[in-house]
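We just call them A, B, C and D in the order they show up, numbering each chain from 1.
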Amino acid sequence: MARHLYSCPLRWSDMDAYGHVNNAVFLRYLEEARIDFINGLAPQAEAEGSFAGGSVVARHEIDYLRPLIHRPEPVTIEMWVAKIGAASMTVHYEVKDEEHVYVRAATVVVPFDLAAGHPRRVSREERTILERYREEAVAA
Amino acid sequence: MARHLYSCPLRWSDMDAYGHVNNAVFLRYLEEARIDFINGLAPQAEAEGSFAGGSVVARHEIDYLRPLIHRPEPVTIEMWVAKIGAASMTVHYEVKDEEHVYVRAATVVVPFDLAAGHPRRVSREERTILERYREEAVAA
Amino acid sequence: MARHLYSCPLRWSDMDAYGHVNNAVFLRYLEEARIDFINGLAPQAEAEGSFAGGSVVARHEIDYLRPLIHRPEPVTIEMWVAKIGAASMTVHYEVKDEEHVYVRAATVVVPFDLAAGHPRRVSREERTILERYREEAVAA
Amino acid sequence: MARHLYSCPLRWSDMDAYGHVNNAVFLRYLEEARIDFINGLAPQAEAEGSFAGGSVVARHEIDYLRPLIHRPEPVTIEMWVAKIGAASMTVHYEVKDEEHVYVRAATVVVPFDLAAGHPRRVSREERTILERYREEAVAA
């Protein structure tokens, strides 16, 4: 029942001509959080049969709650596992700081066997680890 | 009952280290298609009370059906209006070429009064124009 | 004594919070022009011993003459070869439209043997082709 | 005779299809270092007549010494002032870690009066502060 926390630095150029972080850039933030999460699952990162060995994004849902303006302080991305399927997992996130939630999102991630070139099933070991981060799904 | 077609050029740098267009970059493609669509709605682009006068993204849903690799030919983005709300519209898209659909997506766009700094309702004129691009919603 | 012309589409998100195309984005434009140029040199693009088989950037010099604001019309990138070395070529560019020059730049490109993992010399065939695009160097 | 040090986090998506940080992305890194440097010059960041009040890039020179691959550890950007002109300053940088220098670069920055919409001269106060970071120029 743990949440993964990722401290995500912004870049000035993440802002668009409206002067706030562009909607597409938040997918980069989520990507960084996901890589950090997945690498943490398998400290032996190259381990065969781990998410760290390769995965692809099948779907995103993302809600923009309030604009985010560049500042030196990072934002926090809270992340947990909402669903573990036979051949996918669904992660949920909140991009926030102490005062506000800026974005809520959900991503369906498919483990991918890079060597073989096709998706693969979630292994029993992965399932055990992911269960620690599992929470009741909240509509993203 | 028309669909808006946008011819979207790729850039080599849209690809990530996996050698295909990164998932976040597709939101840039959708943004380009949306701007082209919205500008076309109001040839008098600065007209007060038009989407072209300002709008923000409230939500995306995006499904990645197959990887896209950089090539000189653009992809086509087909776009239509799935829903017209009191203070938002939902557009659907397909990113495709003659052979494949790469991405299906939906975006909730909120018209925004930039001068006043807050969202505003969809005007009657906008509604009339948007109806021409309206189709039964397909699950994105 | 020919110049290569590349018609370079802009994206709205190329602009930063100052409301003009960000200085880093121009390197993306130059990259697109260079890829287009190099692919055109070797219609048989995978041909061994051609720049199209792989190359890396060793150096850029870039002068920003006036700000560029997003518009639907592409900019033109004029490109020519300023120098052909033993193991590099230097290309010069102007990013412009009919009214203005926005950027002048120069790039040193090193042909790279991707299979072997190291730079290589410019071949005699490449030199012959590149000579057609050669001009007296103008200070970039 | 001090150098400004900036710890620059990488993003996975900074890599291109060659699997190393794309040459254009280094200009983003330099931008982050520059903003950090300039903000540090004027703790009262909005102060009229400070670089923090606005500046534009007039020129970059950048040499790519070795490829950089994404890793969780940031790179260090060392930065100093090579020249202080009447209406510009030239900063030099090295992008490095404990083992290697990846990039050497130089940027000409022009202080810009955003309200008035034109470049302005370097003030006496700025000159005094910048002198602390001044070093004999090294060819970039």
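Definition applied: contacts are C-beta pairs under 8 Å (C-beta built on N, C-alpha and C of every residue); 3 or more make two chains touch, one makes a residue touch a chain.
On a predicted model such as this, the values are computed, not experimentally measured, just so you know.
Interface comparison, B-C against A-B: more C-beta pairs in contact at A-B.
Taking each chain's centre as the mean of its CA atoms, A is the chain most distant from chain C.
Between the Cα centres of chain A and chain C there is a gap of 36 Å.
If each chain is reduced to the centroid of its CA atoms, chain B and chain C end up 31 Å from each other. Taking each chain's centre as the average of its CA atoms, chain A and chain B sit 24 Å apart.
Within chain A, residues 12-13, 24, 28, 31 each touch two or more of the remaining chains.
Interface of chain B with chain C (complex): residues 9, 11-13, 28, 31-32, 35-36, 39, 72. Across the interface of their complex, chain C is touched by residues 18, 23-25, 27-28, 31, 56-64, 67 of chain D. Chain D makes touch with chain B in their complex at residues 12-13, 15-17, 19, 22, 24, 70.
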